[in-house]
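Two complexes follow with subunit A in common, the first pairing it with subunit B and the second with subunit C.
Moving on to the complex of A and B:
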């Protein structure tokens, strides 16, 4: 979090994360070109441009696949949350790798004519009415444009400018982008590959993405949709100190009840930054701290500590017969609510 | 007794000790996975065939202009007399303009040799440096023409430059747009059949009248198709006079 915009708010963890990412790309391209291809059963070497477009294209495919696995993995196992922390950089690097692939395609397949690259692309593009032979370049190009939009808006300036809900919706474009990439590969390289290894990896990875999303969805399906004003939440002793319990009020609304010693407060589960799951966070230095990017809020009023200005809604609570209840109606972001005080017995 | 607290990671803070091993393991696993994926993906690439650019060459031969320019070799250091060579120009262009008016004449061709087994090609130099009338017009060559009947063949429509060796690979769906650009540039379409006719699986394509068939085949490039037509041997090349109305995507 920051009170002013900087291109990248670097810290040690981001340096480490990016170093691993760059190492992965360098490793992939090097192994593809220098180790794997010479071992392939080829009568003559491939054109250098085609070899590189394959190396960068498949690298972007696997990167995009891994990116899409991070979200559900973090929902299923909180230990993956640090991998999600810098996912934006993963996305931006993927867009760069995909762009490099596209440049090799444009400068090889659409060059050596009197026409411009764009004119050559339009002239050679046909087959929209057929499955096999569908112009896969268009699928790849639209996907690249989407990835470019996502990369260009992967900054807190755009998050604030567009608002978190709009920004989140915009970044769901990663799914159509992935679908287009799957179609691009399915109708192109996948068809040309006589060896089944790539097909097995490709289909397996796409199924893996789908299964992980399904598992994460099933985990979050439990919804408290009773029409009462007060919703039964949990026993105070169910919540670990400096941690939270998450209560689902509706499909789109979750509340995080945080405990600090004997003090209990309820805030929206969605971080004002990117909608991160605050209830999976922790009280750090007296503040609710988001597990995604470390944005912080005071539990009793949902306000970030000065000089930061982010705010989230709070909720009224009551304690009856040893059980915490939440008022369905959220308070305005930043509304101060007196915490519930309850001494938990036999607490460690 | 409360459960022990799970380690909590904050991006701007120190990574909890309990998470360090897990994250280091994830990073190591990713490195192994990317290395393995790169190797598995690259080492299993499909062979592109023997087609390649084989260096400069010069040929004296008899030019056949239709359906697309073919040179029947009389003498050359690199080709055998009687070989038939598909001619193309620089880049994604054919040799129709260069060959105009030279049908049946003895010509001298200069350029790069393309070779893919029994399929021969040549990328001509520009203008008269690439193709011109030979000084000696009295040289002769017997170019046998023989009808091989009507055939229904299954295979792929390719461009007769990339396929022969100008690109590796020069066929397949990923290469489709490039093939279309070559065909639009008047490069000869070549049918690569799943089976052979008279010992060859490569066919220079034309329409039933023996004229160019470019526009009719564009929709079917790089896709496995079936098509019918008369097959004719002209010297060292088979000409497949396809009936465009019989094209259909193979089941």
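Moving on to the complex of A and C:
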């Protein structure tokens, strides 16, 4: 949250997350190379350098695939939220693994020239006018640059500096990056691989990512676009204690109504940090707590507790005939709003 | 060659922006960065890659032109990106699968004699 920046904001949980992640990457690459080494030989199509570039390349592919599954999985099932917690470190490590793959490619296929390896690669690519035989190294290179942008702008500073909407828009580059990787593999290794296991895993995982995103999209379609000033939200009794109901005002604006005992307050559903869904979090120590990274706000004024300084917009509410209504017009971030008080009967 | 030179030029300008921004600009627009120097080298790759964006945001924050939209997520943009994504991925797989050659249909490799 808003404290002096440090190079990496680690805590005990993130240390554990990163340790498991690095161990899995090392294990995958070690096993891949150990299993493949007996078949690798300079006189064959597969040698040790190609084996290593495949080890890092497939590792980056699976990591990127998993990263893209985390978002929709967390939207569909809250049990996946802990995986989302440290997704940025996951992404940076993926970029490092992909970069290592690229270095093996450059240093094996484009060495021994008077030019730099990158210049040699750019000078030797052709076949842009055809699908089969398209220079897949260009697809991989552009994807690597996009992953580099995402990794290089992953520090919390960038979120504050760019603002969450701009940062989020920039990080939508993950979609073209993955599409380029899928094209890179589809038109490359997939074309001449006789290994059915890889083919099934690759096609299955890429389709799985697409299906998960489709399911998450369908879940989010419920929209309240009525042009009235006050929007009917819900009955107070519909909200569990220390939890929230999420109300959609328009396609890009949602409100979370939090209940603490008999007190009801409405705040923006988007966390000031990364736009996490606050309404899917709960009240912890009297504060609305984001389920993604634990950023906290007081429900009545949308302000983080001192010494933190983040603020989110609040909304006015009214209670009519036992129903809560939300004023469509958001208040400035940090505006104090008197909570609605309502004693819920038969509260289970 | 032109691509390489354009790329180098872009990075050189990014380097100049990084020096000025990280040494002189950062502390003026973000109070959490004042006195915090150790993390700044980590920002260099990002500035090198997205320096036009950095200059734009720097100007907006220096002029105090930040708006309430800061708290509104680009949900429509994200939904559209996801929609394109769920169409493009199966399409790429379909095309590559349709074009996939049967290794058995290809002629057998021929070992060439080394030149005299």
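By definition in this document, the second predicted complex is superposed on the first by the 335 of 348 C-alpha atoms of A that agree within 3 Å, B and C clash if a C-alpha of one lies under 4 Å from a C-alpha of the other, contacts with A are read in each partner's own complex, and residues count from 1 in each chain.
As a convention for this text, a residue touches a chain if its C-beta (ideal position, glycine included) is under 8 Å from a C-beta of that chain, and two chains touch if they have at least 3 such contacts.
Everything numeric in this text was worked out from a predicted model, so none of it was measured.
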Notebook entry, point to check: In the superposed model on subunit A, is it clash or fit for subunit B and subunit C?
Noted result: clash
Next item on the list: Pick one for A:112: touches subunit B only (first), subunit C only (second), both, or neither.
Entry: first
Next item on the list: Determine, under the contact definition given at the top, whether A:272 touches first (subunit B), second (subunit C), both, or neither.
Entry: second
Next item on the list: In the overlay, answer first, second, both or neither for which of subunit B and subunit C A:13 touches.
Entry: first
Note to self: Tell me the contact category for A:39 with respect to subunit B and subunit C: first, second, both or neither.
What the structure shows: first
Next item on the list: Could you look at A:187 and tell me whether it touches subunit B, subunit C, both or neither (first, second, both, neither)?
Entry: both
Notebook entry, point to check: Does the superposition put A:24 against subunit B (first), subunit C (second), both, or neither?
Noted result: first
Check: Which holds for A:124: it touches subunit B only (first), subunit C only (second), both, or neither?
Finding: first
Checklist line | subunit B versus subunit C, judged by how many residues of subunit A each one touches | finding: B
Margin query: With both complexes overlaid on chain A, does A:81 touch subunit B (first), subunit C (second), both or neither?
Written below: first
Next item on the list: Name the contact category of A:132: first (subunit B only), second (subunit C only), both, or neither.
Entry: both
Checklist line | Shared contact residues on subunit A - subunit B and subunit C | finding: 123, 132, 187, 191-192, 194
Item checked: Contact footprint of subunit B on subunit A as seen in their complex -> 11, 13-14, 20, 23-24, 27-33, 35-37, 39-47, 50, 54-55, 58-59, 62, 66, 78-83, 85-86, 108-114, 120-121, 123-127, 130, 132-133, 135-137, 187-189, 191-195, 197-198, 201, 240-243, 281-282, 284, 289, 291-294, 346-348
Note to self: Taking the touch rule as given, give the residues of subunit C at its contact with subunit A in the complex, in rising order.
What the structure shows: 1, 3-4, 29-30, 32-36, 38-39, 42-43, 45-46, 48-50, 53-54, 57, 61, 66, 68-79, 81-86, 88-90, 92-93, 95-97, 99-101, 103
Item checked: List of subunit B residues in touch with subunit A within their complex -> 1-3, 5-13, 15, 19, 22-23, 26-27, 30-31, 34-35, 37-52, 90-93, 167-169, 172-178, 180-181, 184-185, 218-224, 249
Next item on the list: Please name which positions on subunit A make contact with subunit C in the complex.
Entry: 2-7, 116, 118-119, 122-123, 131-132, 145, 148-149, 151-153, 155, 157-158, 160-166, 168-170, 172, 175, 178-179, 182-183, 186-187, 190-192, 194, 203, 206-207, 209-211, 213-214, 216-217, 220, 251-254, 268, 270, 272, 275, 312-313, 330, 332-333
